[in-house]
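Next come two complexes built around chain A: one with chain B, the other with chain C.
Moving on, here comes the complex of A and B:
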C-alpha cells in the first residue's frame, strides 16, 4: 500500500504527463534536470522524479475563447492578482492551481529558510541572533524576536561605533528572500545617498537573525544612535515573497511605541525598486535628523 | 509650508484656431495617493473647469497674419471676466492650431502670449499635439480606457481635421488632413462666397466646380464640396490610404493602420452638426450663419462617419475639445522620487534627445559614445538638452553606477560649457541616478533627474517648479513642430 506521500507524488506525475500530452504545458523535460529555471515568469516545479516542467507565464489568459481578449489583457496588466484565469467547472484550471501552489511554496520558503551565509559574506556584514533559538520559536514567540541575546549585545558593542548619527541593520523578519533580493541594491544606494546629503557618521551595518521590528529599539539604545534604520523582510503574500520594509526611528527609548516609527514598505522589484528606495530613504533620514523626530510626529508636525 | 499631500494648480488653456479662439481656466488637484507607509505616489486626482470663455473669432489681419494685440486684449478681457490675474495662473498651454499655425507671425505670437498668460504656461503647436489635445479634451482617451477600445478621434476644425488613435489610453497614431469648415467662407446668412482656401480649390476642382469669391454658391454645389471633403476625412481611416482626395489633402504621413479600430468620435466645431439629429436639413441661412460651410460639412460627415462601419461614439466636448485638452490635460506629473535643484526650475522648451534605443548599455564606455553621438547628431548648440533614457541595463546599484559614469563622461563637454544635466527616465530610478551622478561630480548643482515620464526623440519638454512639498515636478511634453505653409 502506498503511503500518502507516494500517492501524492504519483498523482502529480500523472497529472503533469497528461497535461503535457494535451499540450497544456510547454517544454516538458524528461531528462534529469534538477536545477530550477531562473526566468521569473516561467516558474518551475521539480517533482520527485527530477522531472521539471515550466508553467506558462502568469500573464497568460486562461479564459476559454474570451470575447474581449485585449480587455482581459489590459485588466490583467493592472494587477498581479489572479484574474482572467478561467475555470474548470467550479474550480481553478490546472495551470492556475500549479501557479498558486508554486507561489505558496515560495511564500513558505521565504518564512522558513535562513538568510544564507554566502549572502552575508558577500555583503561583508556580521550576524547576531535575538533571544529566539530556532525558526519554530521565531514564529511562535514574537516577543523574543524583539530582544537581543547576551552574545548579540556583546558582539554589537565590540564591532559597532557608538553615538553615530545613523545606524543601519538588517533583520530577517518574516522573509529571508526579501533580504537576499533587495539589501544588496538598497544598502549601497542608501549609504551613497546619506553621504551625498553630508551625513557621514554612519554605523557599521550587521544582520540580526530571528529579528522582529521592535528589536531596533534595543539596538538604538545600546549604541546610542540618533537614527536607527531597520531593513526587515515583510510577511510574504502570494503576490510577492520578496517585499522589504524600512522601519526608521529617531532616538528610541523603552517608552517607544509603534507610532514613533516611520515606515517605508513595499520595497521590491515589483514595487519601489530597492535602489530607488535607498535614495528615497536617504532623503527621509535627512528630514528625520532635521526634525529630530520620527513616525506620526514627523508627518503631522 | 503647503500641504505635503495635496496641492491645487490653476491651469489655463488657450486655443487659437483657424476660425475661433477660446480660453478655459481649470483647477487641477494633485494628491499623494500612497499611504503613510509607502514611498509617495502623486497623481492628478481631479480636473475641474472653472471658466469657459465665449467662443471668439480668431483676430486676423488679412488672411496671413494673426492680430497679436487683439489676441492679447481678448485674453486679458477673459482673465478679468473669469476673475483671475496672470499671477494666479500656475500653468497651462497655449496652442495654435489648424491654418492659424501657418500664419507668418504664428511662432512669435504664441511665445509672447505664453509669457503673457502666466508663469509656467507653455507654447505648443503642431498637428500631432493638436490632435492629441483634442482627443484628450473630447473624452476619446478616457473612453478608450473605460471601454478598453481602440478609438479614433477626429477633431474637425476650421482649417484642418486632426486624427488621434487611442488604445486603452495610449496614443498609438496621429495624422492631419487639410479639411475644415472654414476653408470656404460665406457671407453670413447669405450665399455669397467670401474666400476660398487653396485646399478647398482642390476639392472644387475634383467636383468639377469653380466658385470664386464674390460669386453666389448654390446649396447643391456646396453640398457636393462638403460631401467630397467628408469622404476624404473618412477615407483616411476607413478607405484606401493615400488615394484620391484624401491623399492630396494629407498634411502629415498617413495613419499607420496597423491596429483595428472599434470606435470613432468626432470633435471640433463641426461636430455639433454631426451629432445633432435636427441639423440634417439645413436652410442656406443656417449653413452660412457662422460665415462658412462648417454646418454643412457636419451634415456630410454624419453620413460618411456612419458608413465607415465603426461604432460612432459621442464626445463629451465638441468645439471646446482642444482648448480643454490644452488647459486641463496637457500637464502631467513626474514620478514622486526625483532629484532636482529647485532654483534651476522652471525649464522650458528643452529639446529631447534619446541616446539609446532600449535600456542603456551596461558598459559605461558605450554609454559615453552613444550620448556623444546623439548630441552631435541632434546639433543643439546653444541650449541644454534633456536625455531621455528608458532605464539602466538592470535595476541594480552597479548598473546605475555604470550608467552614471557613462553619462557624466558623455556629457563632459556640456558640463564644461555650463549646460544643465537633464535626465528624463522612464523607469522609477531618478533619485538614485541623480545622487549617483552627484557623487561623481560633487559640487555640481545643475542636475535635474526625473522619472516616470515618456518622451521621444524630437519632443520638447517643460519642467515646472516642484509641488506637493517638493515631491514631484509638473511636466508638459510637446512637439514644437509648426506646420509647413502649403503652396499658397
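Moving on, here comes the complex of A and C:
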C-alpha cells in the first residue's frame, strides 16, 4: 500500500506526464520525471521510458465504414486538404482535432517565440534590433520592423566591414523556427558556395531581431554593400512552420520597391533543403553581381 | 456641429467628422498603424459622445473623402434616395441607434431607412453599438437574392464550398468539393480561388466545377475568384460563368491598387447579365475586409471600419447575390487579436445589412495573429446567431492554398444543427435525393465523400 507521501508524488508525476503528452510541457522528457517507486505495483502505471503517444499520419482515413474505401484513399492522395476525416456527430474526430491543434501550435510557437540566445551563440553571430520593442509591436507595426534602432546602426557600423561585395544577414521575420532549423546549415553552405564562385569579399553576418524584409535596404545603404542577402523566416502555414526565404537585392536605395528584390522562398527540409539552397543562392548572387541588377529587371534582362 | 466633448471634466477636441469617426472606433491594430485611433479609452468615449450628437446631415455634408476626389464617394452619394435622406437628416446618430433597436422598428422599416443612409452614417451608428446591440440589429434584417437558387431565406443558412488546391489540380479540387457536399456545404456557391490568374487557368477550373455541377445536377452556383478582368475576358470567350467575383476596397486609390475602377465593375456586371450562364438577376459576388486600405497605404486618413462600410456602399450598386468580409485574412497589422476579429466581424455584418445586402461572413485568422480556433468559432457562432446568410466551408478549416483558417465543413453542419437552420430549399431537396440529409439532419452516410463515385 502506498504511503500518503508516495501517493501525492505519484499524482504529481501522472499529471506531468499527461501535460507532456498533450504538448504543454514540451521540454519535459519522460525520463527526466522523477521515479516514485521501484515496486511492481507502481511500474504498471508508469509508462516505459521510450513510449510516447504520437499523432497518427494525416493520410489515415477516419470515415466510419466508407462505401468505397479505395475511392476515399485515391481522393485523399489528390490534395493536401483535410478530407476523408469523418466525424463525431457534426464535429471532428478526436484525432482530427488534435492534428489541427498540433499544426497550429507549431505555427504559433514559430511566430511568438524568440530565436534563442543559445542558437545565436552557437552560430557565433551578434544580434541587433529594429525599432520594434516587443513581439506585439513586431506583428502590428510592420513599418517599424523595416528600420534599425540607433544602437543597431552603431553596432553594425562597428562590427561590419563596409563596401563589401556581398553582405548576408539573418532576420527572424515571422518564424523563429525557420531560423533555428535552417540557418546552421544554410549560412555556411551559402558562404562556401560564394567562395566557390570566386566571391570572397563577404561581410560579417549578424542577426536582426524583429526584422522585416525591407530592413535590408537600410543595411545595404549603411554598409554600402553591392549585394544584400536577407535570410528571413516566412509567415507559417498550418503545415509548415519552419520555411525560410532569401531576399536578395542589388545596391538598395531609399526608393527600392518590392519588384527590385529577387526572392527564393520555401527553404526548409520539406521544400528546398538548406544545403542545396545555399549552393543555389550562391549561383544566383553571382548572376546578380554580373548583371548589376536584381528582381524583375534580372529576369526580364 | 460640435466636435468637442468632455468626459468627467476632461475636454477632447476633434478636428473633423473623419477624426471623430476614427477615434470613436473600437480599438484595432490597423487604425493604430495608420496613426488615427484614439490614444486613450476616455478619448474613445469622448469621440463616441460627440458622434452620438452629430446629425445625419452633419455626416452627409462631410464625406470622409471628397466627392470630387474619389469615385467610391460618388457611387455612395449618387445612390442615395434623397426623399428618404431628407426625412431622417435631422436625426442624431444616437437617435438613429435607438430607432434601429426599437421594438417598433421592423426589418421593412430598416430597408426603407437604409436607402437614405450614406456608408459613413452606417459606420457611425454601429460605432455606438455593443456586440448584443449589433446582434439585435442584425437579426431584424434579412436580405434574399437569386442567382440559380435563392439565398438568405429566413430559417436557412448556406455555405460557400471553397475547395482550393495549391496547384489548381482539377482532381484535387473535385475531391474537396465532394467532401464539402457530403457535409451539406455548397448551397451558396462552389467557389474556387485559383492559384494562377489567367484566362486559360480560370476557364479550366470553371469548366471542371461547372461539369461536376451539371453531372450531379446540383442546385447551386459556380464561381472562380480570379481578378475581374480575367473573368470578363473569359466570359467574352463563352466560359460558363454563374457569378462574377471581385475583392473591393473602400477608396478609389485602393481599388486602383487592386487593378479596377467603377467602370470595370460596371462592364463586368453588364457582361455577366448579358452573357453569363446563370438565371439571375443577382450575378455578382464580392469580398471585402477591414484593413485592406491601410495595408495598401491607401486609407486616406479614414478608419478601417468606415472604409469597410464604403465597400458596401460600392457593392450595393451591383445588387450582388453574395457579399462577405474576410476579417482576419490580412493579418495582425489590421486585426491583431481574436477580440478585434470578433468585433470587426459583427460590425461588418450589421453595416452590410444596413446597406440592404445579402451578407455572409468569413471570420478567419492567419497564423501570425493572436487568435486561435476558439476565437474563430466564437465569432462564427455569434454571426450565425445574428443571421448571416452564409459562411465559407473549407476541409478541416485549413485552406491549403491561401494559408489561413476559416469555417470548416464540420462547422457548417454544426451551425445548422445548433441553430436549427436548413440549407437553401432546392439544395436541401438535392441532399435528400443523395441520401446526405433527412428531415434537416445529416444521415449516417453524410461525411463519406465516396458516395460521389465516378
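Following the convention adopted for this analysis, the second predicted complex is superposed on the first by the 224 of 301 C-alpha atoms of A that agree within 3 Å, B and C clash if a C-alpha of one lies under 4 Å from a C-alpha of the other, contacts with A are read in each partner's own complex, and residues count from 1 in each chain.
In this section, a residue touches a chain if its C-beta (ideal position, glycine included) is under 8 Å from a C-beta of that chain, and two chains touch if they have at least 3 such contacts.
If you're wondering where the values come from, they're calculated on a predicted model, not measured in any experiment.
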For this session: Look at A:79 in the shared chain and tell me whether it touches chain B only, chain C only, both, or neither; answer first, second, both or neither.
Result: second
Exercise. In the superposed arrangement, does A:113 touch chain B (first), chain C (second), both or neither?
Worked result: neither
For this session: Considering only touches as defined above, state whether A:101 meets chain B (first), chain C (second), both or neither.
Result: second
Exercise. Once the shared chain is lined up, is A:221 touching chain B (first), chain C (second), both, or neither of them?
Worked result: neither
For this session: Have a look at where A:68 lands relative to chain B and chain C in the superposition and call it first, second, both or neither.
Result: both
For this session: Counting touched residues of chain A, say whether chain B or chain C comes out ahead.
Result: C
Exercise. Once the shared chain is lined up, is A:184 touching chain B (first), chain C (second), both, or neither of them?
Worked result: first
Problem set entry | chain C-contacting residues of chain A that also contact chain B | 68, 71, 75
Exercise. If you look only at chain B, which of its residues touch chain A in the complex?
Worked result: 36-39, 148, 168, 337, 339, 395-397, 400, 427-432, 434-436, 438-439
For this session: Using the touch definition up top, name the residues of chain A that touch chain C in the complex.
Result: 63, 66-69, 71-72, 75-76, 78-87, 90-92, 96, 100-101, 103-104, 107-108, 110-111, 136, 139-143, 174, 235-239, 241
For this session: Would you mind writing out the residues of chain A in touch with chain B in their complex?
Result: 68, 70-71, 74-75, 184-185, 188-189, 192-193, 195-196, 245, 263-266, 269, 272-280, 282-283, 299
Seminar exercise, completed: The residues of chain C that touch chain A in their complex are 29, 32-33, 163-166, 169, 171-176, 178-179, 183, 331-333, 336, 366-370, 372-373, 394-398, 400, 403, 405, 408, 410, 413-414, 417, 442, 445-451, 453
